[in-house]
Amino acid sequence: MATVPLLSDDDLDPRAKAVFDDIRATRGTDFVNNFWRALAHQPEVLEATWGRLKQVMGPGALDPLTKEMIYVAVSVANGCSYCIHSHTASARAKGMTAQMQGELLAVIGMAHETNGLVTALQVPVDEEFQA
Amino acid sequence: MATVPLLSDDDLDPRAKAVFDDIRATRGTDFVNNFWRALAHQPEVLEATWGRLKQVMGPGALDPLTKEMIYVAVSVANGCSYCIHSHTASARAKGMTAQMQGELLAVIGMAHETNGLVTALQVPVDEEFQA
Amino acid sequence: MATVPLLSDDDLDPRAKAVFDDIRATRGTDFVNNFWRALAHQPEVLEATWGRLKQVMGPGALDPLTKEMIYVAVSVANGCSYCIHSHTASARAKGMTAQMQGELLAVIGMAHETNGLVTALQVPVDEEFQA
Amino acid sequence: MATVPLLSDDDLDPRAKAVFDDIRATRGTDFVNNFWRALAHQPEVLEATWGRLKQVMGPGALDPLTKEMIYVAVSVANGCSYCIHSHTASARAKGMTAQMQGELLAVIGMAHETNGLVTALQVPVDEEFQA
Amino acid sequence: MATVPLLSDDDLDPRAKAVFDDIRATRGTDFVNNFWRALAHQPEVLEATWGRLKQVMGPGALDPLTKEMIYVAVSVANGCSYCIHSHTASARAKGMTAQMQGELLAVIGMAHETNGLVTALQVPVDEEFQA
Amino acid sequence: MATVPLLSDDDLDPRAKAVFDDIRATRGTDFVNNFWRALAHQPEVLEATWGRLKQVMGPGALDPLTKEMIYVAVSVANGCSYCIHSHTASARAKGMTAQMQGELLAVIGMAHETNGLVTALQVPVDEEFQA
């Protein structure tokens, strides 16, 4: 259970409703996931978060699928179960194949391992990396 | 300072030396960074780690640059300073532009923020994400 | 499921029972939550933890509600779901309004974002902060 | 060293310069700390981050000092050394006394301990916390 | 739910089947837990992970039970619920008594607390620890 | 630099001095490390922390060296550099050999890797682990 009630469409104030409308229009689906329904109690945080997400996750020098996989990787390291499920689903919707997911998984596992080894060893940063 | 001495080339046992030779040949440079010099005390761990890294980070369904950026993202979330420096340097060497680094940064910041929000709100996973 | 059985009141040894009595007297309720029932197998850890908690979370230079919100913030960053639920409930019981919860949420989200950005950028500490 | 060069005032593009001007005006000091100088390469991220920070950390249902202490608590749990230094300095500037800092410290230590215990025990959330 | 389907014995390709056979032979039980069933989609990652685990967790200068308790401690700090359950079960199977589990718990709690205090205080490393 | 001044022996109040005396007597050395000097501003936290540490880390069902290695493992996962240095030094003083340190390292690396894999895969806990 969430620490706040999840708002249904009928519970939204006008500012939150406008954000939900934009989420639906941008994504081309009527489905609005629970994260936004939980944030909807704070229209200001909802607006700021959706506004930034739309901008940050859109196409740029990095393509949207690459961005989703980076998002999954951060969410795994932070142990955010909801975020792992939602961004894995988004990555799949944007074209992540089983082979790509397998390689993403392998990089995540490898990075966690060497992060642990490096931290245990307290390895000093090479001068070559600081140029 | 590291929690173990960093081995110079003259201190390596034959098994560790063979790994260092392969690192140099694979990367096309004489430079071997401190992580491997710290691991060199445990030739078995050194071999296994380098062997896996070479395989995991090579080209596949995901290109090596994408993999480096995912590595950076995990390392940031795990707070591994050495890993951030070394894999940012690797990503640059593999073609990460300033614009790409800026977008990587923006995704990392965004993911951390929503990870925190979702966790604070304890949002339940939507059924739609579990199909 | 917990990794140890949760003890009911009938299962307690005298030392654990004394702690439960003090929890009930201090809080003015018969309800003893699962955390203490799981710790009750280790009366020494139970005593030490409750003793410290009672002292640390009481009124001082910081009021108990502020302390609960700080507790929630730490628990979010550490991803402790149980702790988020229990200390959010405590904060509400001590007067946290929906508006205060919304601002707490916004600070938590913001702090996670800039923690991620600062770590990715490896920003050196300004001398001005070290005085 | 940072993973990007820190920009001096002479290196700023107009958009970044406008943010620096606002930071100076808002804080009433000429000092602009390294975090903003590192972010200045990405004027869009700089603008969004400063804009949100100014809004989130200002007075509301929670006072600015309480918000700074919550910020410190998150930064400790995330292990962000720069953030701990900068927000501890901000909290002091906003009136945090040595006694308050000591209590903040005690709550942070306590929360980390019980987060660890609860996670090790995998305590199930009491129904009473989910109302 | 997992982010990949869990493979039953009938779904395995020959390489994954060989790993499952070795897991069963090594552990002397027909039971193969969900972690391996989730990894089985990536036979290469499955092989590498099982191969390393078998080697790393076997007897050496540290006995297998000590290794399991260290594994639990890392899993708690990383907030990996599945890992806490599976390695607590393994530790019990290898002889961890209730008294040992209680002391493991106390060390984990203590370490989390002082990790938080030290990080909040940003204590500089004593020269004496760097020899 | 620490976020509080480190107290020298001459700066201690009587309560803190008594703790320092006990640290010296217990450890059989005049050396008191920086952690205690930073905590000394809060005699109550200092007393409680030292009192618990002395009790928790002493001999019991687990020997002191095993406890130190568990402490190191938690500190690595939490990224506490000071704690890694101090408890690695303690473990060495209590008899950790290079071979033992190497195996500790290998378990830490392995646990981090599988923690990451399990979390990315969101593996559900087997019923067999919940008995």
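To keep things simple, chains are lettered A, B, C, D, E and F as they appear, and every chain counts its residues starting from 1.
Rule of thumb we're sticking to: a contact is a pair of C-beta atoms (placed from the backbone, for glycine too) under 8 Å apart; a residue touches a chain by one contact, two chains touch by 3 or more.
Note that this is a predicted model, so its numbers are computed, not measured.
Q: Going through C-F, C-D or C-E one by one, find the pair whose contacts repeat those of E-F for over half of the pairs by residue number.
A: C-D
Q: Could you grab the centroid distance between chain A and chain F? Build each centroid from C-alpha atoms only and quote it in angstrom.
A: 34
Q: If you average the CA atoms of chain A and of chain C, how many Å lie between those two points?
A: 27
Q: Residues of chain D that touch two or more other chains: which are they?
A: Those would be 1, 3-4, 44-45, 49, 52, 74, 76-81, 84-85, 88, 102, 104-106, 108-117, 119-122, 125, 130.
Q: In graph terms, with chains as vertices and touches as edges, which category applies: line, ring, star, complete, or other?
A: Here the contact pattern is complete, since every chain touches every other one.
Q: Over in the complex, which chain E residues touch chain F? Could you list them?
A: My answer: residues 1-4, 6, 31, 33-35, 38-39, 45, 49, 52-53, 56-57, 60-62, 66-67, 69-71, 73-78, 80-83, 85-86, 88-89, 97, 99-100, 102-104, 106-108, 110-115, 117-126, 128-130.
Q: Which stretch or stretches of chain B touch chain F in the complex?
A: So the residues of chain B touching chain F come out as 1, 3-4, 41-42, 44-45, 49, 74, 78-80.
Q: Show me the residue ranges of chain C that touch chain B in the complex, using the header's touch definition.
A: So the residues of chain C touching chain B come out as 72, 76-77, 79, 81, 84-85, 104-105, 108-117, 119-122.
Q: Within the complex, which stretch of chain D touches chain A?
A: 1, 44, 48, 52, 55, 125, 130
Q: Spell out the residues on chain B that touch chain D in their complex, using ranges where they run on.
A: My answer: residues 79, 84-85, 88, 98, 101-102, 105-106, 109, 116.
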